[in-house]
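Below is a structure I'd like to ask you about.
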């Protein structure tokens, strides 16, 4: 049995973990990156591609394999190509379209009674700081923050005048949550019927996390491109409530997108100074922040007496499933 | 023999470490949190409480146990109830009232010849940036920073006018140390007669650590609520002096509060750009920043050839004491 | 066989790793620090010195030893004394003078086709934000940032008027790269003929990393003194290009400074929001940021099935070399 994945994102961790669990491994890599991945002894098989259609052929070329999707899969290949993957995928592939639609995505959180930022349908209702978003805008272009309804109106007028939008109904007006980002990483095991917390990370973003180095009068507009991750732990008193979030979220996905969440997911959150956890986004697959924990996280050691990265945890779940003749319960 | 603790703060780490050292474990948890703690296999016994008086009954209900106090114990139960704990406590319970009194607390540092921020009895003496504190104010309410004696006077006048204080003699005027926070975690072993450095952390505070994400013209007042911790190491050249601090501090506590410090403590410090370490606070028990190091810290591996969290280190000390028939030397 | 090093910087890690690999260890320590280092059981031999000339005598006094240089060696002893070390040094001592000369240093990066900040010979050519540096200035004194050629000219005039420089030809005008710092740590093994990535860190600098705690109107000039390090991982998609950098750099050093880079080095970089990695500096020896990874880093576990600090990796390389009778290939 092989475990395979697409090169990049968390592929080193996934295949390193698979090898630790006794699997043969395979990577589907762009030609330009093959040289890099050849440096790691735990990668047994290579399929190099020069375009995305070939990548799908590569994924499907591995017989007797399970393909592990990660957070860059759809960004790299697109939803259409991903739907052409014919080998078993670890996790629930029916969740992919839910993740791609911002409205359906947030509804899974809301249905789980997870705190999310409030939406304002009408700018007249704005009674707190908000972020105004243009749907589909790449990398936050045109986004603006506003403290009052007056600032919202002024900002919308500027966007209309500049031609960036045609109609204000295109806009999403969302409560701006003031606090600190924390990304809570979880794993749902259908085999053990339990949610595990696998780690916490903070994104390290360029250029915003470097701007403190500049003198205050040399203003440069902040950008928010994730270039890495920093490890963290949360106050223990926060954990019970995020754990409740995670369990309710698993239940909601099981009801609405059967068989529901399988394996790793992440609740991307802001923690306010009242220690409320507000989730503004989720990831239904392994996130890059787990790359911090190749040898286990401060939390994984509470469950496992051996080093357990999320990559290895996926392979362990496949092993547990195969032992019980239940591979179909963790793949789709 | 059982090791028990109060749910929250660092209880997962404490009991996980106790189990690793071969102890049976027990937790005293608020009913609302019991469900969360049931998820961890290393917790053997539960006592659930609905109010703080019951919590004390719970602690005392475990026969043949050692109770491990952590940084949230007194905040949760109050000094009076803590004094009603009849089972042995790991560490020196006589230190609790010293920790609760800001004046006595700082005197332990000063007597140890540890650099602390200067105090100004009279605002006329202010010759550098200061922070003006209202004693007993929750979460820093009313605190202000000032660069000059004129700013101090103006700030005090504002407080008097607003009625927040009645008399300026209530205020503490303390040197404001400009630098970076570093929390140096130590463990004093009466059995091995040595101080170990067990780790370093930085607090991750909401909302202040998120404000860099805002545009500079959208000012929001910073708050400083600890929501988590980030790992760090210090320049090796700083360590000898903080080690001297730690050893002198242990000696001072032995002289003034016999038998002195036992087990984990933390010197909460600012490191200036002259690489001076100025300690503005200490914790006499395990701090939450140690939760980063469930599997050992960059420093613990210098002492131990096995993963050694501070929770496990406590249990190890109890084991070492029992082997030598000296349990009374590490409990009170 | 002994492994020795100079106390401070990363000496604990180096000797801890050496002991793990079965070596006897020795430290050359200033008298004032001996007491601190005596606390660690893995240090077998001490040579205490009261001045730098004695330190060299100490290093040379250990028979049958390999001396491991670290990032503070030349700062502590000076180039002249270091040239008087007669015992074998791990790594290539011919690189020391290249590292000491800013021009030769940057040329090694440029020859490796590594992106570096652009230099401007004439202020008239300035077309982007720049940093203007005074060569030899301690700790960045007199450095200034400028966004336009006009600001550069004004700043230079101020320096001339103040007498800090006599001639503007003394100045270095360098592109200011906006982004986030990331320090990529590598190890080149001549024995295994491969480059390994051993970790990534971010510097924790006083006072700049503490200034966010101040109200915005209380301006204090930032300083950039490294007091510690924070761990990080990078987006996996960044790694192939920094790996190419590292391999080309090893090749360049082999051509220009035979036998080239041996053992640990670090590419000190800024990652821009286009995810370009711009290297503004390198270290040719073990950097202090590796102290984070006493028990291995998220990357070291991809190569080694056992905890592998860079200190231990050095000792492992010496072991591998001795097994093959090739000690002369890793020492000079």
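For reference, chains read A, B and C in written order, and residue numbers begin at 1 within each chain.
To be clear about the criterion, a contact is a pair of C-beta atoms (placed from the backbone, for glycine too) under 8 Å apart; a residue touches a chain by one contact, two chains touch by 3 or more.
On a predicted model such as this, the values are computed, not experimentally measured, just so you know.
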Given which chains touch which, is the overall layout a line, a ring, a star, complete, or other? complete
Chain C and chain A are one sequence twice: same or different residues at the contact, by the over-half rule? different
Let me have the rounded angstrom distance from the C-alpha centre of chain A over to the C-alpha centre of chain C, please. 34
When you check chain A against every other chain, which residues touch at least two of them? 209, 211-212, 216, 230-231, 295
Which chain B residues qualify as touching chain C in the complex? 129, 145, 147, 178-182, 194-195, 200, 202, 208-209, 211-212, 216, 219, 222, 224, 230-240, 243-244, 270-275, 295-296, 298-299, 301-303
Per the contact definition, I'd like the list of chain B residues that touch chain A in the complex. 8-12, 16, 32-33, 35-36, 39-42, 72, 204-207, 209-216, 218, 220, 223, 225-231, 288, 291-295, 307
